[in-house]
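Supplied in structure tokens, the structure appears directly below.
When the chains are written out, they are named A, B and C in that same order, and each has its own residue count from 1.
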Amino acid sequence: MEKIQIDIAIVGAGGAGLRAAIALAESDPNLRIALLSKVYPMRSHTCAAEGGAAGVIKGDDSLDLHFSDTVGGGDWLCDQDAVEYFINEAPKELTQLEHWGCPWSREPDGSVAVRPFGGMKIKRTWFAADKSGFHILHTLFQTSLQYPSIRRFDEFYTTDLLVEDGRCQGCTAIEMSTGLMYQFQAKSVIVCAGGAGRIFSFTTNGAIKTGDGMALAFRAGVALKDMEFVQYHPTGLPGTGILLTEGCRGEGGILVNKDGYRYLQDYGMGPEPPIGEPVLKTMELGPRDRLSQAFWHEQRKGNTIPTQWGDCVHLDLRHLGEKKISERLPLVRDLSVSYVGKDPVHDLIPIRPVVHYMMGGIHTDINAATTMPGLYAAGECACVSINGANRLGSNSLSELLVFGKRAALNAIEYISSSGKDVDDAAVTKLANEAQGRITTLFQKSNGTETISGLRKEMTDTMEQGAGIYRTEESLKETCNKLNELRSRFSAVELNDKSNVFNTDLFSALELGAMLDVAETVAVGALERKESRGSHQRLDYTQRDDNNYLKHTLAYHDKTDAPRIDYRDVVITKSKPGVRDYSGGKK
Amino acid sequence: MSERQVEVEILRYDPETDQAPKLQSYSVPCQEEWVVLDAITYIKDHIDTTVSFRWSCHMAVCGSCGMMVNGEPALSCKSFLRDYPDKIRIEPLAHFPIVRDLVVQLDDFMEKLNRVKPYIIPKEKKSVSDGQHKQSPAQLKAFNQYTLCINCTLCYAACPQYGLVPDFIGPAAMALAHRYNLDSRDGGRDQRQEVVATDEGVWECSFVGACSDVCPKQVDPAGAIQQMKIASTVDWYKEHLMPWSKP
Amino acid sequence: MSGKAYIREMPKTTWWLSHSRYRRYVAREVTCIPIGIYTAVLIWGLMRLSQGALAWEGFLGALNSPLSILFHLVAFVFAIVHTISWFNVTPSAMRVQIGEDFAPGAVIIGVHYAGWVVVSLIVLFMAGV
């Protein structure tokens, strides 16, 4: 097996991975960097983010407000020291992107413009039309091209972390076009492989969001934190789950039920301001968890609109006018017209909540470090936690930059201070074992299960049992089902026996990762007997700070369900309070 | 919801077992609102799991799913079955070597993208603590169109010059060079001109315009290339007739 | 990466037959042939002019032949097609930004037609028409 010896390996080349790579290359041109990704970097799902990235720059804003919006938005499950660091760094990172060429939308005076976003008291979301994630990703990717020390391994599927002597010493990855496995011996590894929305039936996430990075760390013994907190984005297109940015509502769009009524005011987010004049942090600019939950209640009441794709509510953008829509929401218009045949300039758009983001992920501290020496994580695959129980829109893109860079700088510090080299013999042995596991999968015959069949059963049970509202019963059923699916997975046989770009193989590996990750979501949800942020239980409807002002930690068990433990939340300035998204007087 | 039985032919090729690619036919029960990609994923999930193809976002922003659909380069996630007859032929993107089934080798494109120096070469030295560059909405609009490229390479599949002359740098790479040339923050046009104002760069283009026709994001790479040809010509005259003037 | 990637050969001389878009492109390119021949005719005429009145009369007489008239008609049509097809693509090659927006394509094309008319009038005037 070919051995590639480097200083730092980065798994995942989306926003966080690319930012980390650039930070490494800028810091020291002699660093041997390997950037591995199972897709070409431009395909990373960062490209699908639309709305923008939050950072305090305007005179009427303050870091304190960004802090309190984020901590309150996260229902006080955020680690406040991490949030403090994050909000301070965000504006600098966004300015750095501006220097690198990101085409931020501008005010008439030439300064970067900001737009209102959900759950934020003051508007602070930098945006590039409604393709902010796309532009951020391409800016980072193109900027990275000027650093020859960043060696890219495009379309390499990372299968295992190589852990010896209690520390991470590299990883194995399959070159997808040849089927050959490579051993990457590295003094440090940074995982930036994204979230796992594909464990649910309806999601804004692309095919590649299968939690591979989370599974890598999980199986290596690192805990996954707060996995039960799954964000439903309120405005996804029905059927395909395609995202319509929160920016629609930031620009003044409203949500109405079948009676044309702005129903959000019935759920503590009123009163209803005039159409087209949104009041920040109320109504349609409330936090995502509350808006998605409101949909669920409206559906129960029979107020939703039945469509060929299921029940929906309507997003009304007509009052924005064609000029504003073409300028600020051109992609939204294109998507609506193409995929549901509705033009936002003239029609109401059918939308419904769809799974969008995982607040949970690989447990890291404020330095993006995991509990395993040498292993770092950043981006959606990580949980610092700055998002707590519910993420505010536009914090995630900023998070990629802030913690991508932080992970890189801390990884450099680690390798220069630890003084330990990679244990070639031990690591090679582990790599050969990893190869052995793939060979076993290839040689499996008489398979009785199909990848698509198991995947469908997984996504169905997650959607039914671990959706917007959960019960003891629904979660127990889902946990049992996932347990069953995990053992049935061993009966999967690959129909494709080729070594060349074998997507059957990669689908199987992705399914394995998803099953592991899904179980941490379901078990974590079952054990958390309270409602907080995006985790809502019909049987435990209140937030319970006495027992659950804690992060859930899920640890891998090879043969059984994950073991659950807890960890206190870091509270500094803001004691848990009431999340108030009403614009009215108390 | 109405369903339609569609015959989907896919060009298959596995270098380990095949000498040459050949078409394989599948009968797919398709929903009305499906795109071509939905039909292909149906085939993979329910009929033949060995079909290999790239896809991710399903919303025409990641650029993964470019294919030839009935002889035309298209994004399979944005090609609606309602616009096609009952028989559809799907092949890998033209002008690229086939790795496996619908997966093509993109190494050449990636190299060319890298070659044109597609990053800000700052006009003036400025650190992050100095703050943002000011850029008016008009200045942004000057180059914004050329930032929209999703690197789907449909333009390379459409461009006959790229098919006939593999050294040709090609539409998307040059449109990206142009994007940076027009950005008010950039001062690297000279360096990029050295790469693109060459025989294998803009001068290989004969303005067929097929690239702009098939571009799913209306980037108009053909326009970008012609604009660079004009800029390059003006450069040449300036250099030779007015050698005292700064480039 | 993989040495066994399959390369599909492009037919070097007949590739353009496969799609209407390419056929239209070749048709556009082909219009330059009659224009090229016409230019040669003009140069030939200039040369004959420089050789004296007799040579010039001979040239004018040859122009009157049926074959010549047919050629000139065809060349004229091709020149029109050539001009229209190239004028139509000028907006993407010449973007004029006024304030924030770009001048509409129709304006760019219109300016070219206007210029054509003006030049034609000048030529006709100088020819004594």
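Note that in this section contacts are C-beta pairs under 8 Å (C-beta built on N, C-alpha and C of every residue); 3 or more make two chains touch, one makes a residue touch a chain.
What you are looking at is a predicted structure, and each value in this text was computed from that prediction instead of being measured.
Set against the C-alpha centre of chain C, every other chain centre is closer than that of A. The chain pair sharing the most C-beta contacts is A-B. Separation between the centroids of chain A and chain C, computed from CA atoms only, is 56 Å. Averaged C-alpha coordinates give centres for chain A and chain B that are 28 Å from one another. For the pair chain B and chain C, the distance between mean C-alpha positions equals 30 Å.
Contact of a single residue of chain B with at least two other chains is seen at positions 15-16, 99, 105, 137. The residues of chain A that reach two or more other chains are 177, 500, listed in rising order.
Multi-chain contact residues of chain C, defined as those touching 2 or more other chains: 1-2, 4.
Residues of chain A touching chain B in their complex: 39-40, 42-45, 47-48, 92, 95-96, 98-101, 103, 105-106, 108-112, 129, 131, 134-135, 138, 142-143, 145-146, 154, 177, 206-208, 239-240, 242-243, 308, 331, 335, 338-339, 450-452, 495-496, 498-504, 507.
Taken in their complex, chain B has these residues touching chain C: 13, 15-16, 20-21, 71-72, 94-95, 97-99, 105, 107, 137-138, 141-142, 160, 163-164, 206-210, 212-213, 220, 222-223, 226-227, 229-230.
Contacts from chain C toward chain B in the complex involve residues 1-2, 4-8, 10, 12, 15-16, 18-19, 21-22, 25, 29, 89, 91-95, 97, 99-102.
Residues 1, 14-17, 33, 44-46, 48-64, 78, 80, 99-101, 103, 105-106, 110, 113-114, 117-120, 122, 126, 128, 131-137, 139-140, 143-144, 147-148, 150-151, 176, 180, 183, 185-186 of chain B touch chain A in their complex.
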